[in-house]
Amino acid sequence: MLDPTTPLQGLGDRLAAPPLPVEVRSLVYETGGKRVIDGLDVTIDSGGMTAIMGPNGAGKSILLRLLHGLIVPTAGDILWAGRTMDRQLARRQAMVFQRPVLLRRSVAANVSHALGLRGIVRPERAIRVDEALKLAGLEAHATTPARVLSGGEQQRLCLARALSLEPDVLFLDEPTSSLDPTSTLAIERLLLGAQRRGIKIILVTHDIGQARRLARDVIFMHRGRVIEHQDCEGFFEHPRSDGARAFLNGGLVL
Amino acid sequence: MTDFIDAFKTALGLIVTLDPNLVEILFLSLKVSLTAVAIASLLGFAIGGALAVYRFPGRGTVSAILSALMGLPPVVAGLIVYLLLSNVGPLGVLQLLYTPTAMIIAQVILVTPIIGALTRQACEDLLEEYDEQLRSLGASSGAIVVTLLWDGRYRLITAVLAGFGRAIAEVGAVMIVGGNIDHVTRTMTTAIALETSKGNIALALALGILLLAIAFAVNATLIGVQRLANRLAYA
Amino acid sequence: MIAFFDRRTILVLLATLLLAPVVSVGVAAQDDFIIVQSTTSTQNSGLFDHILPKFTEKTGIDVRVVAVGTGQALKNARNGDGDVVLVHSKPDEEKFVADGWGMKRHDVMYNDFIIVGPVSDPAGISGLKDADKALKKIAEAEAPFASRGDDSGTHKAELNLWKQAGIDPTKASGDWYLETGSGMGATLNTAVGKHAYTFTDRGTWLSFGNKSDFDVLVEGDPTLFNQYGVILVNPAKHPRVKAKQGQAFVDWLTSAEGQKAIASYRIDGQQLFFPNARPGT
């Protein structure tokens, strides 16, 4: 009989509560002499998808990477349920990038390699690889070199790979901006499924329609700051800031 | 012109009759260079991969030195190893001078920078694409190095073949540390040097032709590997 | 096709390819051998190929010859990177022993130097019996002359001759006096290529394969006499020297048997080396 306080290998820390809300306070990020994130405050709760939107150069991708720990802030705090970022927390997150990043090996090997990096043992790995490929609809391509897949298939694979890690928080940086509508739909279906299973999804998107379809709340950024943070309907119907209004009307936000 | 014709005739004759002297020399050349390249590959992959991934003060300088060492003259490498292995040198007790092992050591010194610098470049190129994703997956620096090395395997093969080309064709290093001793440390290149100095031009050329044939085979393999990689989208 | 390249297969293939040569290189260190530091001219003459097998057959000791310039041979021996040294530069050899690096110097054999050149003979030296007279004529005619320029025994003998002729050819270095800084064979190649006269030992010349339109022009002058000496490297200075086997070689070389072997070496019927070891030394 297992001692219930012993962490179970393979199930990750999903038994524990997800590390949310995440509180960002006075966040600053400077690079190349420029202040890209300029004193940013925001709080993201669990439940539902959060979309981050804004004009180019607003700092959305940077914010995502700061949250995921890929870059280190110049100043300010990011607290996950009161804790600062550490290795354990990092293992409970995953990210999908704008362009699919796949290794020069087979479809299955790509998923397996990622699981290996997270320390998942071989037998468990095989099971998760199978599940991931099923999820992405790529079982038939298990031994195909991943890089010969189409753009849509590659991105599905990247998403399935991220989900196989069983993260609590999933970041996506414009995952469908270069995909055709069919592929986009497939990705969105996967995201909805993941959200239903309790994964918190934070998504940067340019696609207003996508945000309306998926998001529960929208964070609007401009010039390194959060200008507005509203529930989805409120944001699209009654934007509170000039910037958001201009953005939604298709104008240039300067 | 007659020398060239004689050379081809001689070369053909040597090959067809499987001249035992030739076989011995050829075998030693391959033994020395293949072993050296094997060792240099292990070192070069590790150094190149580490340089690409790990950040430390002086990293740029080390990379520059490694690249510069690609141009290390073989005779200088030979001199360095000679000074180390000589009886009055620090490693004299090993009694390795004038043995194939000394030749391997010298060639390892020559080839490692080539493989190392090319590996570093390959890994850096791959890292540009993979860095964020791998760190997102939680890979340690060491795991990243291993991932890049395997992923860049076709470029690494190219680097190894380049290193082999350098090793099999050099004469300066093996001459000094090997001593060109008959039946012991005489390789293709030192034999060519010897026959040339004896005025046996046709024989020297014949050996040269054979050496070129090996170099050609190396290059053909290189092109073949690259084509295969492209076809399988592994490039 | 893809399955053929799966990771395990590649690793196994690589391991086999890499281990095969490594395993066979395993130092089959046959301990019964000595290293003799000698000169390229002696090596190129083919003498060693003729006499060494006889020594090995008798004693079972393998002789590994490292053939470099005289200067390098003595330097290597000074470093203890050889058990015996066999060169042809008496003053240097005597200094070697005097400095304590060698046990004792023994005369072994002599051959002679000759001056070779194009049969067209621009300086008109063919047939002269006086070597320094020939050199004077070459200097006056400013005819191209290739020198080894490498501090070897041959080179030093050549410089000595110029001195006797009262000429300093190095002033014209790069002009008509070409210093190749190379071994005898390479220098001969250069001489032939540039239609230059050159000073060489007869042994290397006879076995040289690229004579082109060259011939022996000056020979027989007693000043062209080239003496070889053999010395055992001093084990007191370098304990790792194989003194017993090295001495066995020195003894054999100066013994009646060794001397006979030297005398029996011929090229085109011509004897190259004339044994002159003095008994009891």
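In this document, chain identifiers A, B and C correspond to the written order of the chains, with residue numbering beginning at 1 in each.
One rule holds for everything that comes next: a residue touches a chain if its C-beta (ideal position, glycine included) is under 8 Å from a C-beta of that chain, and two chains touch if they have at least 3 such contacts.
This is a predicted model, so every value here is computed, not measured.
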Identity of the most central chain, Cα criterion: B
Contact-richer chain pair (by C-beta pairs counted) among B-C and A-B: B-C
Intercentroid distance (Cα basis), chain C paired with chain A, Å: 76
Distance from the mean Cα position of chain C to that of chain B, given in whole angstrom: 31
For chain A paired with chain B, centre-to-centre distance based on mean C-alpha positions, whole Å: 46
Contacts with two or more other chains, residues of chain B listed in rising order: 150, 153, 232
Per-residue multi-chain contacts in chain C, two or more chains: 2
For chain A, residues that touch 2 or more chains besides their own: 145
Complex interface listing, chain B residues touching chain C: 30-32, 34-35, 38, 86-89, 92-93, 95, 97-101, 104, 150, 153, 179-182, 184, 196-201, 232
List of chain C residues in touch with chain B within their complex: 1-2, 5, 7, 10, 17-18, 21-22, 24-25, 27, 29, 35, 40, 44, 49, 64-67, 76, 79-81, 182-186, 188-189, 207-211, 238, 240
List of chain A residues in touch with chain B within their complex: 65, 68, 70, 87, 90-91, 93-95, 97, 101, 103-105, 113-114, 117-118, 145, 147-148, 165
List of chain B residues in touch with chain A within their complex: 129-130, 132-139, 143, 147, 150-153, 232-235
